[in-house]
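Given below, in the form of structure tokens, are the structures.
Shared between the two complexes below is subunit A, which has subunit B as its partner in the first and subunit C in the second.
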Partner chain A sequence: MGLRFNNKMNNSKLFKGLFLAIVVLPVASGLVYAFLFSLGIIGVLNKGFHWDVWQTVLFDKPFWVSFGYSLYVALLSVAISLSVALTIALSWQKKLQKGLLSNVIYLPLCFPATVMAFFSFQLLAKSGLLSRIGYQLGFIKEINDFPVLIKDAYGMGIIFTSVLLITPFFIILFSNLYQSEKIASYVNLAKTLGASNRQILQKVMVPILLKRASITIYLFVIFVMGSYEVPLLLGRQNPQMISVAVLQKIQRFNLYDMPQGYAMSMLYVLLIMLILLIIYIKNSNLFKTQNS
Partner chain B sequence: MQPLLHIQNLSKTFGNERVLADVNLHLAQHKVLSLLGSSGSGKTTLLKIIAGLEQPSSGEIFLNETEISQQPPQNRNIVYLYQEALLFPHFNVYENIAFGLRLKKQSNQAIKEKVQQMLHYLDIEKHAEKMPNQLSGGQKQRVSFGRAMVVEPKLLLLDEPFGALDSNTRQKMQSLFIKLVEQLKISALFVTHDLKEAIIMGDSIGKIQKGKLIQYESKQAFFEDETSGVKNEVDFWKGIK
Partner chain C sequence: MRKKVLQYLFMLSIGFPLAFLLLLSLGRRWSFPSVFPQELSFVNWELLHQSDDRLFQTFFLSMAISLVVSLMVTSLAFVVSKEIAYSKYRNTFLFLAYIPYLLSPVILAVIFQYFFIISNLTGTFLGVVIAQFLIAFPFGVLIYVNFWNKQIKELENLSYTLGGNRWQTFRKVLLPLSKNAIVLCFFQVFLISWFEYGLTNLIGVGKIKTLTVSVFNFINEANIFYAALASCLLVIPPMMLLYINKRFIFIKR
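Moving on, here comes the complex of A and B:
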């Protein structure tokens, strides 16, 4: 028994060590490197320790505009995706469990973000498919009558593409949760307690599904906020989403902007971690698994 | 005296399979009928039909002499309880119990009074603010009862409500249920596959087998029926020395 206990302890230490080596160490190293670079301590062009870059990032507008714009795009994309996914998952529940749709729903997951962005470009650009159809049907008289949906100030193209990318995930998630959370039983129970169909939707189905999916929803907001290819291809120079803004500072044009790029990426990570910490403090149960 | 619930020649088929065959049943006001039956005997289907969650293939269901088989479940005032407590995970204990009252748009004051009274009956006042995942199995089942009884249903349908509980908690819940039935004048159909539980919980007993229901005139008639399983049980315990 003592031997088994020792083996268990050794295994536990081994897994912790592997986790530290494979997951924590590379991420922490990257963050430390970025932090030191942003302070001018390392880097070929840096000339020693200073706070100038952090002052610029913290007190000038560009970082906060990019952060706010990323948050806006992510929240709106996820909100639209959730609405569409809930509607589809609840309306086509049986079809999503078996038959053609249950397989077809996985297909959009095969599309890389870049391909989806090109598809959106072909569809929504002023010279794109929708514009051409609109022209042929007489809805618009010339190309400039078609609204700007690509590289526009409101990020419509980015939001449209993000919705296309993440909605299938949510549909599959909600469809599976419908089964695993026994929503049909809750619905029957609510009916016998006197709930109308509308009350069942508003007070039972949607809240249970959203509560169970809440951690995934938060992660998708973070995922969209940090997306790169889609805003790079479909977004404007100003405002820029955070990943594009950071990469532009680190990899393009002016090498003296690199510390600023690293400072922006550090600050972004810190802000996301702060948001997650606040969510955790407010509702620690959210991060627990069913059995913990 | 007219029974509260009266079922006449009720049948149900799924495709070619006949799940219920000419079921006749009656239940008096403020009484509990235990329904015994093994898995797949059709007892859950019968409860779901009475609740309005399934449609019968033929037959009639009268509640207080009103034919209800075409009424939607929302209008029947019959609450169906599953084996699982099925507490709403996004509500705390108080809000779970208040659920049916809020649907009926009762005033906050009325809801508060009724819910607190129910919490007191169930002896779970100190858990009112807890979320379902902070409760034990027995506590969850108490809340589930409270949520059903607070809306004062004409009839309560219980589908093996203690089936998932350990034997100790199960005994406590049985005692609590018997006390509540007396206090709140509940009429109920109590489905179980446990012989002892059926005898403890029911004022009368019915047995459902392959879709056919036998309702015994008295508990004595049930004990004397060779096929009820009571004699085998008694012989078993007598055989242990």
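Moving on, here comes the complex of A and C:
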């Protein structure tokens, strides 16, 4: 009995140690390297301790423009997706539970961001499918008459693709929540108490679904902010989303941009950790499971 | 009636990207302002039959990477997540797991890159597998953590009380109970690995050509027909997994 207990304790320590070695150690050591590199202490550009790079990253525009642009794209994409998903999930509730639609709705989840970005490119580009259809229907006279929908300043192509990628997920989520949260019962109760359809929608259905899905929504904002493939293909040089901006600094031919790339990546990681901490503090049930 | 028409239109729009990419993959020439490619043939797809074809090899390389990563994560995260779930520092561990899970994989690749360079792992199959394992492992832990609950713990203890050893308890109690969680973890991690581009490209330094890397290469070469073909190949395995999941696993539950 004592031997089994000791073995159990050793295994427990071993597996927790393994977790720390796989999850924490690579990120922590990478951050330390990035920090020291950005300070000029180590790396090929080592020329002694200095704050120049951090001053540039913290007080010049590029990092904050990229971060703000990423936040704008993420917030707008998630807001549009939520509106579409809520409309579909609440209007076609029964069809989403059984029938063809209940199967077809899973199909977009099979599309990686790379493929969806390529699809959007071929659809929205000046020489894309929409432009060709517009020409054949007489809406445009030449290729340049077609509006700029990709690589534009407002990130329309990126937002369109992000919406295509995440909306099906939200539809499935809301459809499942509708069942698990027994929304139909609340709707019946509200009707019995004399609420109008508009009141039921605004005061019962939407608030319950959004409240239950709030953590997932926050996490999706972070995911979209960090997306890489979509802005790489559909975004333009300025402004750039944060992942693309960091990679460009790291992979540029100019080696002197590398410390800035490391500083930007480190700052981005710290900001995401801060956001996660705020989400955790505000939502104590973030890590709670059904039976824990 | 209007609702039904809208539903059918919505379903058609869901299938449209795949139909469009399939059409492009059959194309040979598509100059403006033609709506459809001027030449359509199965030549691109027929090339896949040749074992020395670039895409043919890429498909199996991607498959191998994704299978190895998902097998490693599914098995290791299973045992590790159990300790995390029952630990008194559970929330701290989960907070730590969320950090790499939430970060952009390509940013993580930037952070890891130096260590992969000094250990000569960049541009190798093993390097890409390890890098993908590092981003997928926290996800595996987060999937399994929901499985380890009070009820499972009590069943496990009951098995020990009735004289079962660790192996018997694992095989006869935990494995049957966790089958759905294991399948879910395997499928999800397979998809993470299968869909991954930024991290694979940076750690693989262009030498490890997975399907996602190939799509971007073909786009850069302005070969949209081969890019569409590679895109179709990227979408087919997840669709098969989805079908298996819905047809066999979901129904059995």
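Everything below uses one rule, namely that the second predicted complex is superposed on the first by the 257 of 292 C-alpha atoms of A that agree within 3 Å, B and C clash if a C-alpha of one lies under 4 Å from a C-alpha of the other, contacts with A are read in each partner's own complex, and residues count from 1 in each chain.
Here, a contact is a pair of C-beta atoms (placed from the backbone, for glycine too) under 8 Å apart; a residue touches a chain by one contact, two chains touch by 3 or more.
These numbers were taken from a predicted model, which means no experiment stands behind them.
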| item | value |
| --- | --- |
| Subunit B versus subunit C as contact partner of A:L107, first or second or both or neither | second |
| Which partner, subunit B or subunit C, touches more subunit A residues | C |
| Which of subunit B and subunit C A:F223 touches, first, second, both or neither | second |
| Partner chain(s) touched by A:L247 [first = subunit B, second = subunit C, both, neither] | second |
| Partner chain(s) touched by A:Y186 [first = subunit B, second = subunit C, both, neither] | first |
| First, second, both or neither for A:L58, with subunit B first and subunit C second | neither |
| Shared subunit A surface residues [contacts with subunit B and with subunit C] | none |
| Subunit B contact footprint on subunit A (complex, rising order) | 182, 185-186, 188-196, 199, 203-204, 207-208, 211-212, 285 |
| Subunit A partner contacts - residues on subunit C that touch it in the complex | 3, 7, 10-11, 14-15, 17-18, 20-21, 24, 32-35, 76, 79-80, 82-85, 87, 90-91, 93-100, 102-108, 110-115, 133-134, 137-138, 141, 145-146, 149-151, 194-195, 197-198, 202, 212, 215-216, 219, 224, 227-228, 231, 234-235, 238-239, 242, 246 |
| Residues of subunit A that touch subunit C when the two form their complex | 11-12, 15-16, 18-20, 22-24, 26-27, 29-31, 33-34, 37, 88, 91-92, 95, 100-101, 103-116, 118-119, 121-123, 127, 129, 131-133, 135-136, 143, 164, 168, 219, 222-223, 225-229, 232-233, 242-243, 246-247, 250-251, 261-262, 265-266, 268-269, 272-273, 276-277, 280, 287, 289-292 |
| In the complex, subunit B residues that touch subunit A | 48, 51-53, 72-74, 76-82, 84, 86, 88-90, 99-100, 103-104, 131, 133, 147-148, 151, 157 |
